[in-house]
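Just so it is clear, A, B, C and D label the chains in written order, and each chain counts residues from 1 on its own.
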Amino acid sequence: MSHNSFGHLFRFTTWGESHGPALGVVVDGCPPDIAISAPVIQRDLDRRKPGQSRFTTQRREADEVKILSGTFEDERTGGLKTTGTPIALEIQNTDQRSKDYSDIRDKYRPGHADFTYDQKYGIRDYRGGGRSSARETAARVAAGAVARLIIPGVKIRASLVQMGPHKIDYDNFDWAEVDNNPFFCADKTSADQWADYLDDIRKKGDSIGAVVEVVAEGVPAGWGAPVYGKLSADLASAMMSINAVKAVEIGAGIEAASFSGVQNADEMRAGDNAPYFVSNQAGGILGGISNGDPVVVRFTVKPTSSILAPRETVTVKNQNTDIVTRGRHDPCVGIRAVPIGEAMMACVLADHFLRHRGQTGREGPTGF
Amino acid sequence: MSHNSFGHLFRFTTWGESHGPALGVVVDGCPPDIAISAPVIQRDLDRRKPGQSRFTTQRREADEVKILSGTFEDERTGGLKTTGTPIALEIQNTDQRSKDYSDIRDKYRPGHADFTYDQKYGIRDYRGGGRSSARETAARVAAGAVARLIIPGVKIRASLVQMGPHKIDYDNFDWAEVDNNPFFCADKTSADQWADYLDDIRKKGDSIGAVVEVVAEGVPAGWGAPVYGKLSADLASAMMSINAVKAVEIGAGIEAASFSGVQNADEMRAGDNAPYFVSNQAGGILGGISNGDPVVVRFTVKPTSSILAPRETVTVKNQNTDIVTRGRHDPCVGIRAVPIGEAMMACVLADHFLRHRGQTGREGPTGF
Amino acid sequence: MSHNSFGHLFRFTTWGESHGPALGVVVDGCPPDIAISAPVIQRDLDRRKPGQSRFTTQRREADEVKILSGTFEDERTGGLKTTGTPIALEIQNTDQRSKDYSDIRDKYRPGHADFTYDQKYGIRDYRGGGRSSARETAARVAAGAVARLIIPGVKIRASLVQMGPHKIDYDNFDWAEVDNNPFFCADKTSADQWADYLDDIRKKGDSIGAVVEVVAEGVPAGWGAPVYGKLSADLASAMMSINAVKAVEIGAGIEAASFSGVQNADEMRAGDNAPYFVSNQAGGILGGISNGDPVVVRFTVKPTSSILAPRETVTVKNQNTDIVTRGRHDPCVGIRAVPIGEAMMACVLADHFLRHRGQTGREGPTGF
Amino acid sequence: MSHNSFGHLFRFTTWGESHGPALGVVVDGCPPDIAISAPVIQRDLDRRKPGQSRFTTQRREADEVKILSGTFEDERTGGLKTTGTPIALEIQNTDQRSKDYSDIRDKYRPGHADFTYDQKYGIRDYRGGGRSSARETAARVAAGAVARLIIPGVKIRASLVQMGPHKIDYDNFDWAEVDNNPFFCADKTSADQWADYLDDIRKKGDSIGAVVEVVAEGVPAGWGAPVYGKLSADLASAMMSINAVKAVEIGAGIEAASFSGVQNADEMRAGDNAPYFVSNQAGGILGGISNGDPVVVRFTVKPTSSILAPRETVTVKNQNTDIVTRGRHDPCVGIRAVPIGEAMMACVLADHFLRHRGQTGREGPTGF
């Protein structure tokens, strides 16, 4: 057991606080002989990195990753390969502004973990939220970049599909649009509208919630496991562990409550080599095991708790006060959760791939 | 790692198939010297048991639990006490009807795990769904009954809060009503309406989805842990591992997507001995750690996949066919998920209680 | 984490006390589609079973195993196959003599766990030692029988190689002799001498220690893992977890302390398809990973603590007293530890086989 | 599961290769609010550090540790305290000599892990042994220094008790001598004799095995757990995971094979507040649980495999050759294993302390 680790055969452990010297992750269990490089990991980190647009925090972090172990130069190609030993990845913190932290030291910020860390541990690195800061997610994204290399046949993409009350129109859904707007949104029309909407919120010093959808294509049938090792259960844990997430759905998700049995269960038809499903309400998972369809997960991100509006709260001495959280914050943390959701999907799938291969000796389904 | 285990310090492992001779659970890590008895466990099992009303499957199982280990007679009281060693609980299967299973053997039932088990393992106990059957949940409920004994100060209750599109009215919410209707519904008015609604569905041979809300009161601040051991992450995994669950929400859940920061973050006020939260959008969890408020989890249960309407599917040889799933099924599996959700909440909390005590030496918060 | 579980991908959990109604084991992670049967498991159990000769306890237990889950009838052969789901195995306790336990209830037996269980848990099932009884090892042997089926190419055998100060002569070593004497001893001459020696000890009501050697042939190079998952580390844990074991050696073991580097490191020579080692001081393991040579483990079993000679001890109220442990005991528990050692070797190897396959996608070495 | 992690509630993960840029450890689960500092950790690292005398490798590594996370400045004292979040410790590699590695790249060194890493992973960082190098043990020692802070009432010390065939005389045993000689030997007379003995071996370019004894005083009764989580089983795994270790003994250890029951079982007498044991053949552990006596573990370290004598071996292409391992090596790696053994003892005890506290709510025994 480890509070700061995730996964089983593909297992990573993250460390670091918002305003410490560095943060990092140790990835254990990676298969050997896989081509890897810092730029490949950096590419994913750059998508999560703060300061990419006016809609994310203006904290300036290069988030430059260093590979400290677990790789070796391939003498034929000159490139790095994994060796099967732990891969340590490290990112220096460079933009920890020296500032007055007395407000956050002495008062509990509503919606933050300040109060609960104090109640649990009796001591708290209050600078920037310490360990509870979303800076930790950089380490996950680095782990996810390694995970992707283990399952190259799986394509993992994500999109913001709702901002505040505004949902995208799935008829407009186009993965190619995701990197064309500052919201990682697959619906260009929604993205255009959201820009004004979020500007308005940002200028008011407020924030807003969002929903992220992550889709993994190319997952073969057979990954996952009954009963507590369900692919869906691990995805739920993975996504719920992301800062500010309050709900996780698989496939039809919460809509399934309103469905009848006829509407819900995906019918099957004979295909050339294997059966296929006529629909995908299941989100690619039946009984906790992948069915060959795209694995579809959505998660809800609450609005940033750090806002400019004054809020009522208490001091660490249980006295009434109020607080205004100045500083550099995201008006919609859901945006940067998009690459984080992809990373967690990659980590869960890489782990289940190895677990499936371990138990059955196969990488995919038994087939027909 | 263990596919069929859940938890860390309080850890249980379940086994058994729908039509095997028995099913059971081994609970490891239970503290010693706790009073326990078969009737206390039976009480929870009886709430989950099939055949309680016309709205649940008519399979007749006594679900009578036997305690096989981990307890010893207290010489003063004559009652049983836990000894700190593994508690094995076993339930005989008694109503496995001898019948013709050829349909389920040869065809994949839409919405079921038949196809995915075959693709993963290449072999499948098709009788009643084998390991993927919801009969496994009896073992969880038994584990949950033990878990409750570890955290006697915590009160865990649950209610069906939505059936199909029909949500309860929270203004009518009264825990006392839960055991007065066949739906475990805290809103009497809704329960009355649902009776007709579900009768109609049942008679059509169809089924319907539902939402369950589980509330744990009396959880002290400080349970849970960053970052992957978040109380919320473990609850998500716990609930998503229940058969047919497609979504898990904490506190405001999916509604948080539409909230602004002002709406979402619960403000605090100074109380007599400790601060309190003015609202509970957080569902009792901040940064993955309990904040002293009730822990609130909701989960969505898809409609029963076994319905009388003929559905298109394929044979195990990839040939088109259709199937009608006769047999004894629940028109709304969400109903019996109510005590199961309570059990999983109890297991997660008991585990985190022990983990918190292990790491910090305290059972609750540092206090003021 | 689980106190009563062992292994990772091949993982089993045991339960049960000496004088409870039954004991058992749940084996999780077994690959699917492996032929299995109760008689195959029974064969191993029968070797460990008490009452086989005058040199083991006269408690009469059939140790008859029942398979309760995780298997399904193969329709072609009519035999059972594993399904990949948890295999629950159960053994009824049948010869728990009704007797007066007041002595063992009120006094701590020297060399037993009575005192430590009381100090840890504050409650103790004193009948026959409860959970600390060697009856638990029946469950391990059952798990080991399943493990052997997973690695059919590996031949695991064990022999008693020392009884008291009397070591076998390795020049006489012949595996075929192991089942020809009541000591599982591969040296016929030693076995003959030990019969008189142990009779003498038995008649005096005393007991004696022993050493067991377990050898696994056919283990391919490449199983095991750095650094804490070393094959040697897991074997050490496995053997040391057996009741009464006080030392574990790999290969040259304790002799290696006296070796020079020239004597110790096994030289290599080119073979037809792969290199081979000229000697096997390493016991088949280098850097925690198997090297293709037989894996050789020895472990020391202390003498049975239950003896007829009166010993000084204290009551549970910390008063001086003495105790004579009557009852049915083994004069040399090392004898019955032979099949137990084989079982633990099988469990460790099956687990590492699956772990190796999971991480690398290979079942054996990369080869040449 | 994690190959490169150890422990459960106190759990650490190490990373790094001999000739990579750095190595490190992430310690998870440390209780909060414990005073900690880099110098405290450095003190233990300095004892293990190479180049301390002519009897250890002349590689010059400062082994300077940096604390990168998991601590926070105590505002009252200005000192660091643990926060309960992961403690990342890092050590730069500074003396990786640029040299010609072709020999070690192309040939398998007898007694080393070169061959097995290649057979397992198909790729290997051959520089200085890569991950299989004993440089990894610096990370363990750092973890052990943290572990000691968690159990301040426990005094952990170790001594070399045998070098080659030369055992110490326990009549001379004096802990105060350990730091007075280059062998960490508690017997001054033996240490004096060993100096000449080892000089001779060193000059011949050979090496020699050794035995280390680790003793933990102040361990209260009640730590540890049945059956697979036995304190003895975890200690066996811990010590066997140290590079070059081939045997582990608890208490009387291998001598117990020759003992009769009368000799072996430690008798008890009533003490003022609790019973005490008249002898300690058990090594402080009964039934896997500490009994209040000193916990005594011995482990055998094989002779360094890197020696100057030419040895027969094969190339990576399976061709006969021979090899002379030049470089900077320890003539007796057992010496530097002394602080490593202490560290592993500390880690096991800290973990079991937290596990005991988690399950029972007590830090020590139930008492009388």
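Here is the rule we go by: contacts are C-beta pairs under 8 Å (C-beta built on N, C-alpha and C of every residue); 3 or more make two chains touch, one makes a residue touch a chain.
What you see is a predicted model; the values in this text were computed from it and never measured.
Q: Tell me the fewest steps from chain B to chain D, where a step is a jump to a chain it touches.
A: Contact-graph shortest path, chain B to chain D, evaluates to 1.
Q: Based on CA centres, what chain would you say lies at the far end from chain C?
A: A
Q: Between A-D and A-B, name the chain pair that shares the greater number of C-beta pairs in contact.
A: More contacting C-beta pairs are found at A-B.
Q: Where the CA atoms of chain A average out and where those of chain C average out, how many Å apart are those spots?
A: The mean C-alpha positions of chain A and chain C differ by 45 Å.
Q: Taking the mean of the C-alpha atoms as each chain's centre, how many Å separate chain A from chain D?
A: Between these chains, centre-to-centre, one finds 38 Å.
Q: Quick one: report the Å distance separating chain A from chain B, using the average Cα coordinate of each chain.
A: A distance of 26 Å separates the two centres.
Q: For chain B, write out the residues touching at least two other chains, lowest number first.
A: 1-5, 8-9, 14, 29, 32, 84-85, 120-122, 131, 226, 355, 360 - these are the residues of chain B that touch more than one other chain.
Q: Give every residue of chain C touching chain B within the complex, in rising order.
A: That would be residues 1-5, 8-9, 11, 13-17, 20-24, 26, 28-29, 32-33, 66, 68-70, 72, 74, 81-88, 120-125, 130-131 of chain C.
Q: For chain A, which residues are in contact with chain B within the complex?
A: Per the stated touch rule, the residues are 1-6, 8-9, 14, 108-113, 115-122, 131-132, 136, 162, 164-165, 201, 206-211, 221-230, 232-241, 243, 245-254, 256-271, 273-275, 278, 281-283, 285-292, 300-307, 309, 311-314, 317-320, 334, 355-356, 360, 365-368.
Q: So in the complex, the part of chain A that touches chain C is made up of which residues?
A: 1, 8-9, 29, 31-32, 84-85, 226, 354-355, 357-361, 363
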